[in-house]
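Two complexes come next, and they have one chain in common, chain A, joined by chain B in the first and chain C in the second.
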Partner chain A sequence: MYRIRFHGRGGQGMKTASRILGRAFFLEGFEVQDAPRYGAERRGAPMFAYVRASRNTINERGIIRRPDLVVVADDTLVPVSAAGVLQGVTEHTVMLINSNEKPEVWKDRLNISGQVLTMPSVAEKEDRLEPRFISASCAGVAARLVGVISRTSLKQAISAELAHLGAAVVDKNLAGALESYDLMGSHSGSVTPGHEVPAYAYQNPEWIELPFEDARVSAPAIHATATSEKMKTGLWRTMRPVIDYSRCNRCWWVCSTFCPDSAISLDDEGYPQIDYEHCKGCMVCVAQCPSHAIHAIPEQEAEAGTPAGERL
Partner chain B sequence: MKRTLLTGNGAAAWGVRLAGVDYVPAFPITPQTEIIETIANWIDLGEMDCRMVTLESEHSMITAAGAAAATGVRAFTATSSQGLLYAMEMIYTVAGWRVPFVMVNVSRGLSAPITLEPDHNDILVARDSGFLQIHCATCQEVLDSILMAFRLAEDEQVRLPVIVNMDGFYLSFTREPVEIPDADAVTRFLPPFDPENICFRASAPVSEAVAVLGGPPYSYFRYETHLASLNAVPVFAKIAEEFAQAFGRTYEAVEAYRTDDAELVFVIMGSFATKAKDAVDRLREAGRSVGLLRPRLLRPFPNGDIRRILAGKKGVAVIDQNLSMGMGGVLHSELASALYGQAHAPPVLVSFIGGLGGRDIGPEEFYEMASVTRKAVEDGKAPAPRLLYTEKELREVRKLQAIAQVERENLGQNQ
Partner chain C sequence: MSETVFKRMKSLPSAHLLGAGTSLCAGCGGLEALKEIYDILGEKTVIVNAAGCMTLLTIYPFTPFRGSWLYTAMASAPAGAQGIRDALDILLHKGRISPEEDLKVVVLTGDGAAYGMGLSSTSGAIERELDFLYICYDNEGYGNTGQQFSGATPHGARTSTSKGPRGFPGYKKDLFAIWSAHRPSYVATVVGAEALDLARKIEKAAGLKGPRLIIALSPCPTGWSYDPKETVEIGKLAVKTGVWPLKESINGEVVHTKVPHKRLPVEAYLERQGRFAHLFSPQRNKVLLKEIQARVDAYWERVSQPTLL
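This part shows the complex of A and B:
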């Protein structure tokens, strides 16, 4: 059985990627199972989707623990432990990362023995504020890596799964996905189906006795007002709001009033400060600032140190 | 007939469409909403001739479904978890009306703490209501069960509402290959609803759901509902046979997998049963004679089939994806009561609690449950009920607790 996991952020189209790949397998005569799994159900939050494909009936269910292929649509997810990108990755697993860095860098950084590949770079995205819709390309590469999906089936699968978005979207995605499929030709078949866990040699799950604990500990209550302080929701952000203090006139602090996450506070001089550990990148502040002093910058560029928002 | 990929929710919507449902009262709740969205879209496109009304709560939604069924139209509705609980007053009430309709429940763990992923505590709250219950393990079974459920609900020997249950996420959001039967074949199997004497109409007064004073009439009506529910066992068998003839898929009240020569048997409901099936195959490869029993009907409880299939087995591992606080696994209790005092009943019944709130059950855990049950058979004594829970899982909870504690300290509220 093939077991494939797609990791991305809500809104990046990984559910669609899993559906395209699932449909393509199905068209090749495989039994298939595809499903998304969300944590926090919102844009930018880590999520994953998976595909199982087999020549026989699939009885296995739920999340894939031992993937043959892991596709990562957003390399900023790799270090986020909650995203679980590396879960169950062994030397058998092929990792496909959408990244500007070289595969060797990732292999080294993650210290993994299996094969690491990066997404081939296809046509540049036109609008830097519009994250590239990469689901079809991810599915295209995955389809090539398993080596059992024809170009025709991939095409049919993309057309079927994206039909509701209109012909223009289908064409654009077809072009990108088929180009990716072709570019990965030399890696065709590098992902192979993994084995089941045999019942004659398995690791004991080592269940424990759950101890009784009194309700002060065991009731699901958090006795504090700032319950989200430790939850770094800043990791969900794909776009970063950056304040240009040369334009901020400390109005009546519209930004901090509107921020739905209370992520903007004021410093001693009354200038707004964004708490990037918790700002989720909703861009409400960008839209609300009356003097257009807040800009949106793609998170990856911001991480790379684009200078912006220097305090004058 | 067309074979394509559908989610459990999509399969449910197809079942409703093919059943020629007239009326769908609706209220949204995760993870069921896609069923209603799909039907709404078809109605909008003119592909389905049906009336949909969004109500202001599940309580009203069930009332509307029951009232519509009382006029003799074919009604369908769907809910999940908290929604089912919110509707509970009317769940019992409409079953007492003896009106036939079908509802899908997409199982999801109950609050508190609130969650999204499945277990069966929600559907078990409706266990004693008079609704019949069909539990599904695959998306195909969801579609097929809805067709059979209308036949069952409308049968004159039964005339009760039916719940078709599927697990959230594991079925509701999971696509699998599903055969969509031809509409003509479905109409032959499930002709338009003949409401006989069900005819609640304007200007033709009927008192539905009359009040009674005193125990004897009350007992009469309640016990009649029970008897109707018991009738559903043979009626379901008949319907399933006709279904198999028409569509080639067999659904018995109890699914038995490799049980004939098995010494040990897993008993589990819902979609996790397919995982158990996989484990049975692997255990067989390793030379262990293990089988699987999955109750498809939970109400009425198929006592006869269960006794027959488990007769002579050495040990049974009951895996409950539910928890009756202060007692344990519900299926374990039901099974014990079905088997108690029966000749050739398995001497050892081991209770496992697993899959609460969608917690996964891995293949190793099935193997280990088989091993624990084998040991219990050797000892001639079942061990204490076991929650499937690991050290690592407790460590994760400890981390959450530590975060809560740190925040409390930061805010100077450490008492």
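This part shows the complex of A and C:
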């Protein structure tokens, strides 16, 4: 049985990628299961989707614990432990990462013995703020790596799964996906099906025993205030808003008022400060700032580069 | 008209009470409105929240609120509010809390509950003159379950249950009128993108007693299919095109608080949203666009004649 996991952020299309791959397998005569899994079902939040495909009946259920292939649409998720990208990765697992860095860098950094590949480069996106719609390309590469899916089945699967988005979108995605499929030709068949696991060998979930209590005691009550701040939604961000203080004219009632996430506060002199632990990167502030003092830069650049956005 | 502390943009709150870190979508227009509203209502509130996107604000043990919060079934938030108000009144009456410790009871629901499932419970609460503020964040569909259509979905919009070439065949209900017919103390429409207008209305509503309603149009990047950065722009366009009239009604007298004198064509609002994309491609649906425009024009025509109440 093939077990494939797609990791991405809500909105990047990994659910669609799993649907496309699942359908392509089906067209090749496989039995298929595919399902998305969300923590918070929200744009930007880490999510994953998975596909099982087998020539036999699939009895296995639930999350894939031992993947043959892990596709990562967004390499900022790799270090996020909650995203579980590396869960169950063994030397048998092929990792396919969408990244500007080389596969060797990832192999070294993650210290994994299996094969690591990166997505073949596709045309540059036009608008920096517009996320690339990479689901079809991810599915295309995955289809090539398993080596049992024909170009025709892939084409048919993409056309069917994206049909509701209109012909123009289908064409654009077909072009990208087929190009990726062709480019990965030398790796065809590098993902091989893992062993069948008998039901009795499944890992038990980690239950926590909670003694039954009177409802007045056990009903969940929160006694502290604004505890949501413990959740670091800054991890959702793929683009970072950075304030150029030389252009900022302290009209905080614009950016600070419109930020949906209470992520812009004021310092003593009335300059806005962005709380990067919580800013989700919606870019509302970038779009609204009347003096264009807020810029959007890719999160990776921001993390690697100078501490931009700090007022000196 | 009563004095407002919100004379200009500068007088808006500069620090925010609603905690960050919630699991609502990036760029959520409903969250933006709620954040602005909560700054003014303050923490001495009990939020009574029916099932919907905003339920996910508070996931044990996390909450963005600084005051209390109660979760109810989708149709019964006003009934929950009644229970809380009664309990507070009893505590006050018995002297177990002082008047300073009293809390404002605030219902918070989506449009699915406010325009549909919860109407009966709402109607009963208004009839009993319950002292509460109802905030409906109106994202024009059942957002939390994947944007199925609701009683608030506009004509022609695509939802996950109206995917045809003409979109949603029905018409958005007039919740403002439904509430007004009950003769409540206050009814108003707001949008987070018009923050000053919103602040004045919340200030006014907070100062009144009895049943009060705020309907906040809530641009929803996920359900309306647009880039999250457009949330405020789309909110502003809803007002500038006249699609979302900003108004209030105190004891039955309706006042439009921000009249778009040079109304932009409705296309300016519609074409930015994926849920209306089928009106523009593959061909422009001139008939449907004209119909939508005509309904907006007819509304403003009607309200510009003060004699017709």
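Assume the second predicted complex is superposed on the first by the 272 of 312 C-alpha atoms of A that agree within 3 Å, B and C clash if a C-alpha of one lies under 4 Å from a C-alpha of the other, contacts with A are read in each partner's own complex, and residues count from 1 in each chain.
The rule is short, and it goes like this: a contact is a pair of C-beta atoms (placed from the backbone, for glycine too) under 8 Å apart; a residue touches a chain by one contact, two chains touch by 3 or more.
Just so it is clear, the model here is predicted, and its values are computed rather than measured.
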Figure out whether A:F258 sits in contact with chain B (first) or chain C (second), or with both, or with neither.
-> second
Report for A:K230: first if it touches chain B alone, second if chain C alone, otherwise both or neither.
-> both
Look at A:P220 in the shared chain and tell me whether it touches chain B only, chain C only, both, or neither; answer first, second, both or neither.
-> both
Considering only touches as defined above, state whether A:G22 meets chain B (first), chain C (second), both or neither.
-> first
Go through the superposed model and pick first if A:T93 touches only chain B, second if only chain C, both, or neither.
-> neither
For A:Q203, decide between first (touching chain B), second (touching chain C), both and neither.
-> first
Scan A:G44 for contacts with chain B and chain C and give back first, second, both or neither.
-> second
Both chain B and chain C contact which residues of chain A?
-> 220, 222, 225-227, 229-231
Chain B partner, complex, touching residues on chain A are 19, 22-23, 26, 31-37, 58-63, 65, 196-200, 202-208, 210, 217, 220, 222-227, 229-231
Chain A partner contacts - residues on chain B that touch it in the complex = 4-5, 7, 112-113, 169-170, 173-177, 271-272, 274-275, 277-279, 281-283, 285-288, 360, 362-365, 367-368, 370, 386-391, 394, 401, 403-404, 406-408, 410-411, 413
Residues on chain C engaged by chain A in the complex (per definition of touch) = 9-10, 12, 14-29, 31-32, 35-36, 43, 56-58, 60-67, 163, 192-193, 195, 221-222, 227-233, 281-282
Write out the stretch or stretches of chain A touching chain C in their complex.
-> 10, 39-40, 42-45, 129-130, 164, 166, 220, 222, 225-233, 236, 251-254, 256-263, 265-266, 275, 277-278, 280-284, 286-288
